[in-house]
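Here it is, the structure, as structure tokens.
Order as written gives the chain letters A, B and C; numbering starts at 1 within each chain.
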Amino acid sequence: MIVLFTDFGPADPYVGQVHAVLLRDSPGAPIVDLCHAVPNFDIQAAAYLLPAYATEFPEGSVFLAIIDPGVGTKRRPVMLEADKRWYVGPDNGLFHILARRAKRVRPCLITWRPARLTPSFHGRDLFAPVAAMLARGEQPSCEPVQLSEPSGQWPDELARIVYIDHYGNAITGVRASSLSEESTIAVGRHKLKHALVFGEVPPGQAFWYRNANGLVEIAVNQASAQTVLQLAVGDRIEILPVS
Amino acid sequence: MIVLFTDFGPADPYVGQVHAVLLRDSPGAPIVDLCHAVPNFDIQAAAYLLPAYATEFPEGSVFLAIIDPGVGTKRRPVMLEADKRWYVGPDNGLFHILARRAKRVRPCLITWRPARLTPSFHGRDLFAPVAAMLARGEQPSCEPVQLSEPSGQWPDELARIVYIDHYGNAITGVRASSLSEESTIAVGRHKLKHALVFGEVPPGQAFWYRNANGLVEIAVNQASAQTVLQLAVGDRIEILPVS
Amino acid sequence: MIVLFTDFGPADPYVGQVHAVLLRDSPGAPIVDLCHAVPNFDIQAAAYLLPAYATEFPEGSVFLAIIDPGVGTKRRPVMLEADKRWYVGPDNGLFHILARRAKRVRPCLITWRPARLTPSFHGRDLFAPVAAMLARGEQPSCEPVQLSEPSGQWPDELARIVYIDHYGNAITGVRASSLSEESTIAVGRHKLKHALVFGEVPPGQAFWYRNANGLVEIAVNQASAQTVLQLAVGDRIEILPVS
């Protein structure tokens, strides 16, 4: 199974070109479009989202993960095996959290090159063929390597909003297992209590909950937390001490 | 064939997780993403839309239909066979119109439970595996049941806008077979005449027509009826008596 | 491989119905959703975009290309073989540039008709079955024909914006091979220099580049050219003489 996780957008003519390469190079391998709406260019948001979804997929899955503002520059193409799943994409921090949390990780610098490599679409020209090779059980030529260390703060739990879905629910980079259900979460001027599910609070009320992928998520029952609480990707949250 | 009809959004990381379950549990079954942009939480709109599309699909198709604001509460999971197609989803009114119009319908309370059932994503954890079982010809454990009666008004024809597409065309819950082509339809302060197709009226002119799924639809040739007529999902329409 | 290129929108319940027909009539043929967000009703934009993407797809691919504001009127349904790929859709100018550039093109008027043909959804009822026939190696009944000549200006290179993607990058109808990298491009009051890739200019800076499909594209590194430069589909660009 090849799983796509990108900021290519679900509407633009990029995902289809990647699919065509995968179908050509790995016919019959199922393709899953996990998400093409990762916040544009936001490597850190992607880095905290990816591990939350990866474990939903069977061992042996190949993730084609591309948030790549530096495409065509010196950033390196990598592939890594982590806990029996493969990841292919740019070495720009995207795999940093995944690798840190994995029990066993083997990063490899991709040295294989395609016949044609456009400067701006390595997703189609380089990463997709590599993912297809892995999906059909072949190993592209590569060299063991250390992943680059991203700059800035990369804590174990990222107390920021990393994704806002079309309902207006705001997903954070904090794993719910890291805090108590007694905790209050502050975002902007709002203080939010925990609820198990949407239907536990009245329509229009804001709360936080452990989403189905284990992350702390801020929501409003039958309304948009984004609108009601005025949220944006990147906003900080604060986990208040349980009194 | 497994047909998905949800308010999960086409861009968010939910449809892909459902696909992964279907591919795992029913490999080889074709998956069709009919619509993931059903108006959020709008059970009634979905209930009038679903039967208009269902007959496009071959007998034996399995519909995974999820508009489920009460996920994780006491609302019941159901599956039903109606006119040789299967439907799987929450018992919250979503299947009310479909069942009312079907010649033969057998609703069943789903008693099967997965090893893991998160409180907020029954689409992935419960309904998708059930749909996959049906697609591969197995019957999940279930008990015959009556569907719940939804509250509020559920007429045979719902004289409201139930969907607005990206062109700005407004689909109503009224079957075109229920009225004459001589009819005038009022929406807001506007009165609209019938046309067969877009090209029958000048660019910029509003009209109503029988859409390709048999529903009354309000449109403007080469422009957005939503913008021109200021329409929103839920708006009432009125079918004026033919004089 | 059947490749879909339409203005049906990625979210609405139209693409899924087309998929269902393709799966019914040509089971097993891979389907690629190249783009469903072609600017609404914009035949000329589509006509300049399509050839830039077509060559990415293997010979023998069948393109189902539908931008069809005149659906249900007298415009004719056509299919054409051009440089070993098939194209199916309305004869409204959509294939004009493709045919002009092809080494060998054979247009054919589709005379085959389905059992049911709704006036407003020939994509589902007529063109999809024809594409499926071609994909399984059959030839629908048709008659050799000349494509209609579209009205208006159809230069070899269309110096207009024909698509804006979700990053805000603006694709033009000009092939980069037609100008020098020394060229300056004017759009509105802005004058843009060439860069090879995004990372070659500082974040926030506008430039033009040859995109991965060979078209001149206007972009801003890590920001939206649409917003920064106030661009819209249809805007003219000007290629300034190299001094």
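By our rule, a residue touches a chain if its C-beta (ideal position, glycine included) is under 8 Å from a C-beta of that chain, and two chains touch if they have at least 3 such contacts.
Quick caveat: nothing in here was measured; it's all calculated off a predicted structure.
With angles rounded to a multiple of 5, the C-alpha fit of subunit A against subunit C returns 120 degrees of rotation. In a homomeric contact, the two copies may use the same or different surfaces; for subunit B and subunit C, under half of the interface residue numbers are shared, pointing to different surfaces. Taking each chain's centre as the average of its CA atoms, subunit B and subunit C sit 30 Å apart. Each of the following residues of subunit A touches two or more other chains: 10. On the subunit B side of its complex with subunit C, the touching residues are 1, 3-4, 10, 30, 32-37, 49, 53, 56-58, 163, 165-167, 196-200, 209, 211-213, 221-222. Residues 9-17, 19-20, 23-24, 27, 40-41, 69-73, 118-121, 124-125 of subunit B are the ones that touch subunit A when the two sit in their complex.
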